[in-house]
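Across the two complexes that follow, chain A remains constant while its partner is chain B and subsequently chain C.
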Partner chain A sequence: MNYSLDVINLYKKFGEKKILQNLQFQLGQGKSLSIVGPSGSGKTTLLRILAGLESPTHGTIMLNGKNVTHHKPNKRNIGLVFQQPLLFPHMTVKENIDYGAKMAGQSSKSKTADLLRAISLNDYADRFPAEISGGQQQRVALARAIASEPEVLLLDEPFSSLDVQLREELRYWVKDFLSQQQTTTIFVTHDLEEAMLMGDHIAIFHEGIFQQLDDADEIHKHPVNPFVARFLKSHLVIDDHQYIPIQSIRSRKPEGEHRSYTAKLLHWTYTLGQKTGHFYIEELHETITMPIGTIGLKEKFSIYLPLEKIQFFQEAGNRK
Partner chain B sequence: MKSYSSKLWIHLTPALLFLILPFFGIITAVRHSIFADEGFTLNFYQELFQSDRFFSSLAFSIRTSIIATALAIMIGLILVRLFHPYLAKLSPRISVWLPMLFPHFVWGYLVILLLAESGLFAQVLSAIGWIDGTNHFPILTRDPYGFGIIITYVWKEVPFVILMLLPVYAAIPTTSYDVVKTLGGNRWDQFKTVEWPHIQPTLIETCLIIFSFTLTAYEVPALIGTTYPEMVSVLSYQWFYGGSWDERPLAFVVMVCVSIVIFMIALTSYLYLNRRRMRAMRGRL
Partner chain C sequence: MIKPMKIIFYSLAILLFIGPVFLLVLQSFTEVWQFSAGQSLTFQLDSYSTLVSDPNIMEATFWSLVIGACVLVINLVIGLLSGKALSSSSFKGKSLLEALFLAPILIPVLAIAMGLHLFMIRIGLADTWTGVVLIHLVPTLPYSIKIFHNAYHQFGNHLLEQAEILGATGFRQLHTIELPLLKPAIRSVTFLTIVISLSQYAITAIIGGGRIITLPLVFFPFLQTANTSLMAAFSVWFALLPFFMYLVVELLLLLLPYTRKPWRNLR
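Then we have the complex of A and B:
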């Protein structure tokens, strides 16, 4: 099958530090992949390598069947939207968008006008970046990248510099915009919710590899290892082989076979209007977050894990 | 608002006090250039504009200043572009700026010591047999083409250009270059889109300062230049301190004319830099 993007055994080392370890994945035309992982895990480096701004130590990057591994950034048709909008301050909104099209030799008045309409900034066409808000600037940056008609568009935490409310509004807008444009995208974030929203598939990135690449449902139902389970924050990791979904944990002794542990309340917050406790399970040295509900605000109490709810980590290929 | 306004004037007072002296000089020069014993007259201007000596001096001055300014800007720009990450370190930066500590006069004297026919270079080249004698060394000081003046100013102003441009280059976000690259731009596009808009205001200001200084400063051309054609500063000095009282108003006329030229260039530059697009570049709309 001919993929839009085919990454084969991508490896990158900075000194002794391994950033990418034989990373492999494929992305079909018009598909979107969210890469999520802790800060400093090398997500941005991966995007920079794909865009050609850094070279891999070894490995191959195929773009629509063409090997572009050693092509310069301007010779591979991959767009990149950065964390900051990085608009050219001396150009108007219209000129910034047109610049992307010009660089790709695809400039036309109607295209710029269409993109301006698509980002709902027709009335701001002649304004300079200093005259529009951060969210509007990021929309212009996205339109500028789209204007160059990239075969694959990379987005490196493009909402991280925006406030929470604006970030949420812009997520839906960008998602719709990119699916309308039928653009193949890779979206990098450290926010799991954002990753679920923006990608058809999610790749959880840690220690230079994708710990798991699947859709959001599958990742939540069957995390493949303790790192993924902990990262999702929806499971209690019992040991290197077993875990239990948090909603299966009981605060009252169940009738069937079970295990019990002592939970210590660290602090509590509100999540989606529900009082949520952050607990430390002493015997497992694990921290979990779950609704306080009927538990009440006790400093220490017992939690019960029904044995039939305890699951084993299984690699994707070994799952029944 | 009132207190802000009065505070502003308090802050401006030292600068305004300092400006009294040059303003007094300009007003006096203008007055002496348009008044004679018989009252208001434009005769001195008429006389000056009929003087071949003035026009050849003006042409020589403008040519020398433009060449010195252009060379200093180009060399300074190339050095900053190539070495700005290295120049950000303290010791290389200090070594580049060291020539700025010396007065222009001292630098002119150094050029004579090094590049005169009897200077160090001529003697060394003669000693190693590259030239037959010191008299075969090219005439680079007190020459009719202004080589000595140009060399002195270029040598002295390159560190100034570096001083002006280094903070600009340090402030250019490297990710802006990446934006151009990922949009499909080449090295020229990176310069045109990222670097040029950042450095253009500083380059214009630096050009203006160096050009005005080289056009009007006296000591270097007096030390290292010829008697004909001489720079306008030397010419007006001679007219001012020469034996003839009749020539003194001409010195004022020269200085008034040069001031008007510099003022017009400065005004044009200011209007250009204050355009909406340029203000947008600085985020001051």
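Then we have the complex of A and C:
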């Protein structure tokens, strides 16, 4: 099958530090993949390698069947939107959008006008970047990337510099915009919720590999290892082989077979209007977050894990 | 209502810049004014006719312009390339290299010129305008490299990477992004280079060997005269050169893409 993007055994080392370890994945036309992982895990380096700004130690990058591994960034048709909008300050909004298209020889007045309409900034066409807001700047950056009609668009935490409300508004807008344009997209974030919203599939990235690549449902139902389970924050990891979904933990002794542990309340917050406790399970050295509900605000109490709800990790490797 | 800061700015500009320039121009067109004797200003053009009648003035003006322009072009090319390299690359010994680039202004330029003089005689560059251009690079290049380094550092590598990702080749990146954004740096380098080059008396005399006559070489003998009107006329003539070069550079900068022409900037 001819994929839009086919990454084969990508490996990158900075000195002795391994950033990517034989990473392998494919992305079909019009699909979107969210890569999520802790800060400093190498997500941005991966995007920079895909865009051609860094070269891999070894491995192959195929773009619609063509090997572009050693092509310069301006010779591979991949768009990249950075964390900052990086608009050219001496150009107007219209000129910024037109720039990429011009470089690719695909400039047209109607395309720029369509994109300006799509990002709802037709009234700001002749403004300079310094004269529009951060959210508007990020929309222009996106339109500029789209205007050059890239085969794959990479987005590196494009909302991280925006305030929470604007970030949420833009997420939906960008998601709709990209699916209308049928653009193949890789979206990098450290926010799991954002990853679920923006991607058809989610790849959890850690230690240079995708710990798990699947859709949001599958990842939540069957995390493949303790790192994924902990990252999702929706499971209690019992040991390297077993876990239990948080909603299966009981605060009252169940009738069937079970295990019990002592939970210590660290602090509480509100999540989606519900009082949520952050607990430390002493015997397991694990921290979990769950609704306080019927537990009440006790400093220490017992939690019960019904044996039939305990599951085993099933290492699945990188799947798609 | 005019803001207090504006009033302070305009007052200082008039007091320290426009006022002295106005007095200088006025003095060049008037006889020496003895206000204590109750005399009024007497206008004259003798100072300019004495200046123009000097047999070396045109040749000196020509060589000052040629040498200044060459020094400027070389400064722009070397300054831009080194500034970009220093800002975008990271390598061992970078700080040492930066210090070395600044070294020529730490050593008296006269000492460098005397040392280089022998070398230039050997390779046939002494007493030539090319030799003078090369020696004028010593006191100018360190500033140009520093100015371009700071300018590149200010707009950052990511902006250039963004242009590259959007498909710009190295040349188009320079033409459409770097040069337009480097305009303030280019203006600074223009003024600084021309003024430094025009002010070099000793090193021009040593390397030029008296064969290459520039304005300072003509200007210094005039210092012996007590005629302040003539001195003022010479100073105005002297000041017109950097002004002229600046105008030329400004006109060239207007040719860069994405330039807001002054008449388009009315918004």
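Note that in this section the second predicted complex is superposed on the first by the 316 of 320 C-alpha atoms of A that agree within 3 Å, B and C clash if a C-alpha of one lies under 4 Å from a C-alpha of the other, contacts with A are read in each partner's own complex, and residues count from 1 in each chain.
Everything below uses one rule, namely that a residue touches a chain if its C-beta (ideal position, glycine included) is under 8 Å from a C-beta of that chain, and two chains touch if they have at least 3 such contacts.
Just so it is clear, the structure is predicted and the values come from calculations on it, not from any experiment.
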{"item": "Combined model on chain A: chain C and chain B, fit or clash", "value": "clash"}
{"item": "Partner chain in contact with A:172 - chain B first, chain C second, else both or neither", "value": "neither"}
{"item": "Touched partner set for A:129, first chain B, second chain C, both or neither", "value": "first"}
{"item": "First, second, both or neither for A:14, with chain B first and chain C second", "value": "neither"}
{"item": "Touched partner set for A:100, first chain B, second chain C, both or neither", "value": "both"}
{"item": "Partner chain(s) touched by A:51 [first = chain B, second = chain C, both, neither]", "value": "both"}
{"item": "A:312 touches, of chain B and chain C: first, second, both or neither?", "value": "neither"}
{"item": "Set intersection of chain A contacts, chain C complex versus chain B complex", "value": "51-53, 72-74, 78-80, 82, 84, 86, 88-90, 99-100, 103-104, 144-145, 148"}
{"item": "Residues of chain B defined as touching chain A within the complex", "value": "173, 175-176, 178-186, 189, 193-194, 197, 276-278, 280-281, 283-285"}
{"item": "Interfacial residue positions of chain C with respect to chain A in the complex", "value": "155, 158-159, 161-169, 172, 176-177, 180-181, 258-259, 267"}
{"item": "Chain A - residues contacting chain B, complex", "value": "48, 51-53, 72-74, 77-80, 82, 84, 86, 88-90, 99-100, 103-104, 128-131, 144-145, 148"}
{"item": "Touch list for chain A against partner chain C, complex", "value": "51-53, 72-74, 78-80, 82, 84, 86, 88-91, 95, 99-100, 103-104, 126, 144-145, 148"}
